[in-house]
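Once you scroll down, you'll see the structures, which are given as structure tokens.
Okay, so chain A shows up in both of these, paired with chain B first and chain C after.
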Partner chain A sequence: MASPYLIYSIIFFLFPLCWAIYLAFTNWNLIAPDYEMVGLQNFIEAFFSKSVRAAFWVTYKFMLMFVPIVIAGSLCLALIIHSLPKLKGLFSVGYFLPYLASGVASAIVVNGVLSYNSPLNTFFRHSFGLDIDWLGSPILAPLIIALMMAWKFMGYYALLFLSGLESIPKEIYEAAEIDGAVGWKRFWHVTVPMLYPSFYTVTILAVGLMFGIFTEPYVLTGGGPDYSTHTWQLEIYNQAFEKLNAGYGTAIAIINSVVTFASILVFRKVLEKWGARHGWE
Partner chain B sequence: MKKKGFTKLIAALLVVALIGTGCQGQNEGKNAKGDGANNVVEIDFWAAPNPTQQSFWKKMADGYMKEHKNVKIKVSPMPESPSSEAGIQSAIASGHAPVISENISRGFAAQLAASHAIVPLDEFKGFAELISKRQMKETISGWKFADNHQYVLPIYSNAMLFAWRMDVLKELGYDAPPKTYSEVIELGKKLKKKYPDKFLWARADLVKPTWWARWFDFFMLYNAASNGNNFIKGNKFVADDEAGVKTLQFFSDLSKNDLLLTREATDPFENATAIMVDLGPWTFPYWAEKFPEMEFKQNYVLSLPPVPDDVDPNNVKTFADTKGLVIYASATKEQQQAAFDFIKWVYSDANNDLAWFKQTNLPPARDDLSTNEAFASYLAENPQLKQYAENIPNAIPPMDNEKTVEIQELIGKEALNPVVKGQKTADKAWEDMKKAINGVLK
Partner chain C sequence: MAGSKKLKTALLYVLAFVVLIIMVFPYLYMILSSLAPWEQVDRKIIPTKLTLRSYEWLFTGGDGVVPRPWLRAFFNSIFVTLSSTVLMLVTAILVGYSLAKLKFKGSRFLNNVILFQMFYPAVILLIPLFLIVRYSGMYDTYWAMILPKAVSLWAIFMYTNFFRSIPDELIEAAKMDGAGQLTIIARIVLPMSKSITTIIFLFLFMERWVELLWDMLVVNNEKMLTLNVLLAQMFGPYGAYPGPMYAASVLLTFPILILFIIFSKNFKEGMQFVLK
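And then the complex of A and B:
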């Protein structure tokens, strides 16, 4: 009998994908009885669209901020948990909790903390004369969103690094110690290379995540100021569900998929080269 | 092995096709129920995703079905993920649209009407009688679409007003809110002199292109300045240029005098960080719970929007935050008529509007809300709602164009946002906005 996973994939992946590809070549808004095939018009419009180009560059800007912070942060967390004499499980769960938190709820809390009349900003104004427009600055707004995402995912990625750390054989450290590799040397030349599978997984997950950011910019900034936090998902949502340009929105989604695939491919190649240099195949 | 794999694929496709055929069969069965199985007409009524509104419509449906055994009304909340409009869009696309739904804005109705997804209500027998019985001739006049049809029956109308911190105004020597632009600026200057850390109006949306935010800032003031002149009619930009430029100039003057707080702030009006706010009646239950010290005519008062100095400040227009009922074209004629008869029954009795008012705090869209005896005692108990009731006929509903979202986004991007940020003059902003909107309307 046909594999259940095959049936599942056909129903929930293949059919919607084929339908999406078809829709991207139409001007249908999903509610009109008639529509037209428009060929490549949607794709051409997307390539020349200011907001789509903004989403393209903003994603890489988020990547530059988020990926190093989350990798460094989750690795540090994993090292801390790994070094604990007991209650590792408890701390692992504790650090994992932000991953389970609602993105909307955390964004609303952050909005309150950074609001003009919050205790934080009132303190800065009265104590230092500093009036910081956190979410109105095209530099600070994306940084805050990147930090929020890092907070959310750090615990989850720390678990991946933790399992990597736990799987490094003790004999390797003993051998390295005999050769004089201690402290930072041990970390850089033994631990980090041995964590290659974890680095690979975390980096690919983190990069892929950047193409799916929606909740935080939607709640906090609406994509502004001046498109500085405008993401692919926001653009797709605006086009498909607010302006009812479902065909055009689908074309943007397909472009997003292609860009995501290409970006992950590039990262994969770089990571594989690095892994190969340290004996991983 | 290859043959086995191919066989498995065919088997999988067959299973999927069978499931799909079964579902389609069910759909046809569902739609056919309205065509007279046992002469009972079944109607799906989608209420807003709001417990008070759902409760109201369930009660109305139960009452109607008691008197009309040949109609079965199923009230359910409309899907709201990612938005109620998207939920309706998906339902229409998948062939599962209800017969009738509420919570439809004029702008969304324009998109639905342009796609022939909803039917004109004025073509139903008894429409004129419904309008007359519910006393809404003046209110509904602003709802007519460019093709001269009425597609939406407004249920409620929040005539948007400005609230003012009267306690702070008194400290500045005022016993009533200002009515003209100059008076507002003068008040603002006095405010800044006495309280440099306070602002006139705290509204972060003024620097964001969020399309629906324009209803509660730009359109409140534009409707007042232009005496309710249309912004778009059909597919044509017909806005009053002079009024529009004056409106933008007012925003510019507010910004230049540091009277606007364009950052997110928590409850700025309630905390007196700002002394003016655009206010709808949905705020009062929130205040009752979180800010019980907010007392009408003690520390806040309500007023219509200010106007340019050369405009009469009496009988001013404002924006109507209003939504209503539509009937979907995908329903059978029998279902459509049954749905219309249901709403005609609901609105034939003012007590039903009173029940709605009490349950939802949303003023029913009637011309006589402030004068009809049925509502007198409720308004006496809630005096802050009386001004909203009185101004329903003065409130202008949103534009009826299928490009509402694009147009209002452009008002923000090309005009309001750059004017408030000091990047454009009012004249240039208006011209840029007009050019961009005409480009969209082509």
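And then the complex of A and C:
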């Protein structure tokens, strides 16, 4: 029953995989009838390319903004849902709704909210005399995209924290109360450490997500200003389909995969070490 | 004491509700702006009066602006998303069942293939897959958007895990009665996996519905574009007409919101399984 699947995998997985490895060593430009093998030239060129380097650093910059925001936000949502005696399902669904948004539609809303005469900008102009060029600033533009992503994924990650919260046994809270841990103290010394598995999963998911950003910067900023929102996916798209460098684009895709894989591995190891020191396996 | 506890609970609900409003605010803003008179779009949060002008303009065009095939794009989106999602479900059920319940030569091999594919970054395949589409004549057809997106490894993984929890005795008993594998799937396995199927369907549908990059690459003919791609392409050219852009965003967003809310009855319970 699974043999059609294997045939499908050969056509849509194995074959393109081999082709990709071959393409990465050529200088083909999608149109020319002939091309040459160029050895490692694509990889060397990528290493010194300004836009590839930008994509590399921009991803970590996004991580630095997105991961703390989304973790804090989703944990708050989960704590709110968890503390409600009733209607937990209703609010879980409600907070999850942003996950359904297309990046294109949210880019349209963000673009409108930040347009010159919008209520937000009028408020800043009249109250503080400030004219803020939100999407033209290399600091604010990535922050706005990180916030859009955080809005989208918060309700999703909140469900992970919620199932973590629900799996903490009541006895632990009771024991903590006897030891005098209440309120904030209880939260920091009991709840947060007990949530380690949820923190682990959410962090890895959030980190992995940062390597695949495409829609929001493609629609909203086009990677600018000054490469400040230029992600890996945008770089691959630009090289392969705007500049038609199929070989070079594939080489960048391979580099992107290696970087993604290595980064996630490092994050996992660090989190696992940290967890092991606090009694989690 | 009892009174202060009640007050605390009430305040919690107020907080939960306020947060909910903040979370859905972009949706509210979208729908209000799509119904606002044009001089108020992006200038007032709550318009003083409502009008359908933006929707009318979207479908009929205006001075020197040719209307785009929005309705056609909407149906393209539905057709492509539905076909793709159903194929993903069918392959996931068949492959998941084979892996979980059938003992056949090469099942370990298949398992390894799927594991490898799951951890393999899809981005490397983007360019060669595009070339396959171009050379096979699938370019600019529905096939280009459906066939390369007919398998979801995540769904296979979910179903395999779920089917493992179905007792073997049930399947053995049905086999004794002479039922074939497909009958067993249809009569025994599927009715048991209703709630997980709903959740998996919703997730696959949502993710396929908002796909941009692939659908943008393999289709050029305006009549074949999905709604999401058409909206992204009009972002620049319709820049001077924010009202209709909001109307088109509503067209893109609200069908899926409504679909989700209808099917979300056991959402929280279903999610607990998916997240494990």
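Observations
Everything below uses one rule, namely that the second predicted complex is superposed on the first by the 259 of 281 C-alpha atoms of A that agree within 3 Å, B and C clash if a C-alpha of one lies under 4 Å from a C-alpha of the other, contacts with A are read in each partner's own complex, and residues count from 1 in each chain.
The rule is short, and it goes like this: contacts are C-beta pairs under 8 Å (C-beta built on N, C-alpha and C of every residue); 3 or more make two chains touch, one makes a residue touch a chain.
Note that the structure is predicted; figures quoted are calculated from it, not measured.
By the touch criterion defined above, A:L6 reaches both chain B and chain C. Set side by side, chain B and chain C differ in how many residues of chain A they touch, and the one touching more is C.
In the overlay built on the shared chain, the residue A:K243 is in contact with chain B alone; chain C does not reach it. Shared-chain residue A:P217: touches no atom of chain B or chain C.
Within the superposed three-chain model, A:L135 lies in touch with chain B and out of touch with chain C [touch as defined at top].
When the two complexes are overlaid on their common chain A, residue A:P33 makes contact with chain B while staying clear of chain C. Shared contact residues on chain A (touching chain B in one structure, chain C in the other): 1-2, 6, 11, 15, 111-112, 115, 117-118, 237, 240-241, 246. On the chain C side of its complex with chain A, the touching residues are 9, 12-13, 15-16, 19-20, 23-24, 26-27, 29-30, 33, 41-45, 91, 94-95, 97-99, 102, 104, 107, 110, 113, 117, 120-121, 123-132, 147-148, 150-151, 181, 206, 209-210, 212-213, 217, 228, 231-232, 235, 242, 245-246, 249, 252-253, 256-257, 260-261, 264, 267-268, 271-272, 275-276. Here chain A touches chain B in the complex through residues 1-3, 6-7, 10-11, 15, 29-33, 111-112, 114-118, 133, 135-136, 221-222, 224-225, 237, 240-244, 246, going by the rule given at the top. Only residues 8-9, 11-13, 15-16, 19, 82-83, 85-86, 88-90, 92-93, 111-112, 114-117, 202, 207-211, 261-266, 268, 271, 273, 402, 405-406 of chain B touch chain A when the two sit together in their complex.
The residues of chain A lying in touch with chain C in their complex are 1-2, 5-6, 8-9, 11-13, 15-17, 19-20, 23, 76-77, 80-81, 83-85, 87-89, 91-113, 115, 117-119, 122, 151, 154-155, 159-160, 163, 212, 214-215, 218-219, 232-233, 236-237, 240-241, 246, 249-250, 253-254, 256-257, 260-261.
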